[in-house]
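The same chain A turns up in both complexes below, where it pairs with chain B and then with chain C.
Take a look at the complex of A and B:
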């Protein structure tokens, strides 16, 4: 029973990271119809920023997250305005190719700057946790889960309560109609991509505290973000939160199947994704569009 | 007989010098060695270490004018390609090195997966490949004749830790074995399952996880449930870091934490800080070992040469040393063969028996070096120390590992 409770907690905590990675990916996919293969690379850029600020300026890693968000927003905005906008109406394959190319460029720039060494942010309280009987709740993943939920809430607030957010929603609903009513498409696209990148940056900061990062460590996260968004459902931030937490839980229980371990964890997660696609194509929480 | 030998030398020298008569040491054709390495992708760290090992030897041999074959010095170059850490790509590039770049001999890539695919290419083309970074025995159980590994095979990686544990007091008896699901890691882990009972220890938990996993909290939780004396991990650097982090977070306490690959690299310590302390690993080589080299550098000189060429990154780890050792094996085999003929060099490799700073290099009939022992290292106060076997150790094992709460 204690093991079960502990696994649920660990699964939910792991899910926090997937939420953070998923929200930005889902936003860009839902609004721009771009499956951003560079998302994992943007995540790792955020990770290196946090690592730099922590090791050079000794800033608490959680306090570096706003810096990650702003820096990645600027990077994302520039990338969209300068590069991605040019193929925004091209077939899906072109966006795959372009974002894959951006991914390679970012990864290799990181390799050139930081080398291939494993980096990890290890503050003094790293590894400590709250002990409730024999159940342990480690602090860093717990705060990370909190940050991820706040991040998702903030994103939802921006999308539903601000003019820019409403413009983004309008574009997601009907691109041409949005343009007809005077929305500056290129700007709104770039803001969307920037917001997605900002979320990725925050996720990267969290990941640098939880695992060791290298320039190539982001690739699995692109795939995981994809699964998380499909599980939850495209087009709503809250759906991604559910998808992320569900993915964390599935992974934790998949890993603990006696005899198999996480060998099948991915297979189970993808199996679940297929099941969701077959039975609820809009995702666990998604709306039909 | 003697006359014909002399004639051959004169003829060779004449060819090498374009017919000019010269009294100094003759210079022959450049020997091209080929090596695909993961210069980008997930194995870039270890591939860079491999390349460092190769280049240390390359500098040394070329300052001496090259490899001496029958009195003629042949300078050496190494041609590298980036296989993007992809084993299939590695094999494609190995073929390219042979057919397009006319590589005389091959050096191995990084990792068992790429070594396995490259070994098949070496075999098809009958060009010897000396490798230093593929320890899976499955590579050597294919009946290949042209692949030689200078390192101890996978099954030896964690056996030293078990041997050491058997000498400690109070003696640990239960083992939780975690393993990544790639060939190499499973060989390491399965060997422990077979070996531990012979030393009076039992594997009470065996858990596989996906190669490259970064979240291993459920595995660590399973280990905590069986309360083992020894936690062993057979995987790579990423997983070793993940397990150590999770062990601290989830308060998994054990008398020994030992990981097959990872703790020996400086990154393990920089990534984990003082949480890296007390961790053991099985190592192919440490800067503290004492062998009597027949040629090349002593251990101390090797470390000094490394620090001079790659300043600011600490001592060479075993990936670097074994990669240099592969070059030394090839060099000595070429000298012994007295020829650049691939078949003759292969035969010379098969009968090679030489001790260098890395230890004894000698191959069994399958081509793997089962003669060199592994050593056990422990991280103590942020520094690597060799703790077993006692005759090469520079420190005592710090045992048992204190609980996370009392560190």
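Take a look at the complex of A and C:
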């Protein structure tokens, strides 16, 4: 029973990272109709930024997260404005190839700068945890979960309460009508991609504290973000939060099966995705559109 | 079409002539390395390194041409075809290394197993469309590689595990030549299959699916069967290339049998040459693979890039490949063959038009 509780807690805590990775990915997918294969690379850029600030300037890693968000927003805005906007009307395959190309460039630039060594961010309190009886809640994942939920709430607030957010919603509903009422599509698209990238940056900062990162460490997160968004249901931030937590739970239980270990993470993620797509294509929380 | 018929046919004829010369040279030059040719003082036109590169190019011709059947003709953006390459490689590899089958008996099973697997996963996957199919197939590519490396049977890795699978060397005179011609044969088969598909009822059904799946179904195309068959056909050809690769390379593991980057390379090749055509993917494979080998510094003719050390060079090659991907997608989305042959005028106006058609 204690093991079960511990497993649920660990799963939910791990879900925090997936929420953070998923919300940005889901935003870009839902609004721009782009499956961003460079999302994992953007995540790792955020991770390296946090690592750099932590090791060189000795800033507390959680305080570097806003820096990640701002830097990645600028990068994402520039990428969309300069490159991705050029193929918005092209067939699906092209957005895939384009974002994969961007992924390749970013990952290899990181390789050229940082090499392929493992880097980890270890503040003094990492490895410690809250002990409640025989159940242990590690601090870093706990705060990460909190950050992820705050991030999702902030994103939902921006989308539903600000003019820019409403413009983004309008585009998601009907691009041509949005243009007719005077929304600057190029700018709004770039802001959307920038927001997605900012979420990726924050997620990367969290990931750097939880696991050791390399330039290629982001690739699994692209696939996992996709699964998380499908699991929750495309189109709403709250659905992605549910999807992320559910994914964390599934993964925690999957890894607890004797003899499997973490080596089947992708296989589990993929199997889950096909299961959801075949049985409930709108996701756990989604509405049919 | 803005192209005038005269200019199109002129370009096309030139392409065919140049292509035929290149193919003839590539197929005949290796023969000069035979002992008989050497003793007759025929100049050596191709050494072992060139065979190796030419064999790799032929391998990619098979993969790009096979991808074209599902991705180009049927219009389903398959992103995980490397799974079939790996399955083909491991089928032949396991039969030779563990069951001690002779190579030529094991090889025909590679396409069969790959096609069977494709039909099995294709049934649920091909119900998905658009993004869902693309990422689900990407997931298959990743997951199969992972499973092959990690499945244990009675405490022993079933498929050689992380240390890979070693095959006995196939003993035959002129091994390099043998595998070059075998892989070229596979490439010829892939191209011939594409040629047949494009002229058959089956192919017209696939194209109807690409253009409008509902309309195709209404017209009486059994879309599910057609899609699964196209997927399995692509898998069989890719698996054949994998099977030849495993015996040629003698050693296979997750890294060289399931390289994720092949997924995108084969698509880029098809795209570069022109999707939906017979020779386009092959032309793209030659161009792109030569470029990759050149950037990687493995071509015999190579030069030192200033300020770039040997360790950074492969990284730089990847960056250039990524930029090329971005550039091709934005500026020449219909492939180089269209770029040279499809329009009456080349140059900036073509690029600008491509850009305007797809930009926001």
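The rule is short, and it goes like this: the second predicted complex is superposed on the first by the 277 of 289 C-alpha atoms of A that agree within 3 Å, B and C clash if a C-alpha of one lies under 4 Å from a C-alpha of the other, contacts with A are read in each partner's own complex, and residues count from 1 in each chain.
We adopt the following convention: a residue touches a chain if its C-beta (ideal position, glycine included) is under 8 Å from a C-beta of that chain, and two chains touch if they have at least 3 such contacts.
Note that the structure is a prediction, hence the values are computed from the model and not measured.
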| item | value |
| --- | --- |
| Clash or fit, chain B versus chain C on superposed chain A | clash |
| Contacts of A:96 with chain B and chain C, given as first, second, both or neither | second |
| Partner chain(s) touched by A:226 [first = chain B, second = chain C, both, neither] | second |
| First, second, both or neither for A:114, with chain B first and chain C second | neither |
| Partner chain(s) touched by A:273 [first = chain B, second = chain C, both, neither] | second |
| Of the stretches 127-135, 253-261 or 343-351 belonging to chain C, the one that collides with chain B | 253-261 |
| Contacts on chain A seen with chain B and repeated with chain C across the two complexes | 107-108, 111, 263, 266 |
| Residue numbers on chain C that touch chain A, as the complex places them | 71, 77, 79, 124-125, 127-128, 130-132, 134-136, 138-140, 142-143, 146-147, 149-150, 152, 260, 264, 267-268, 271, 312, 315-316, 318-319, 321-326, 328-330, 333, 355, 357-360 |
| Residue numbers on chain B that touch chain A, as the complex places them | 40-42, 44-45, 48, 178, 181, 207-210, 212-219, 221-222, 225, 237-238, 241-242, 245, 248-251, 266-268, 270-273, 275, 404 |
| Chain A to chain B touching residues, read off their complex | 3, 6-7, 10-11, 13-14, 107-108, 111, 115-120, 122, 126-129, 131, 136, 138, 140-141, 210-212, 214-217, 220, 251-253, 255-256, 260-263, 265-266 |
| Residue ranges of chain A in contact with chain C within the complex | 29, 35, 83, 85-90, 92-94, 96-98, 100-105, 107-109, 111-112, 185-186, 189, 219, 223, 226, 230, 259, 263-264, 266-267, 269-271, 273-274, 277-278 |
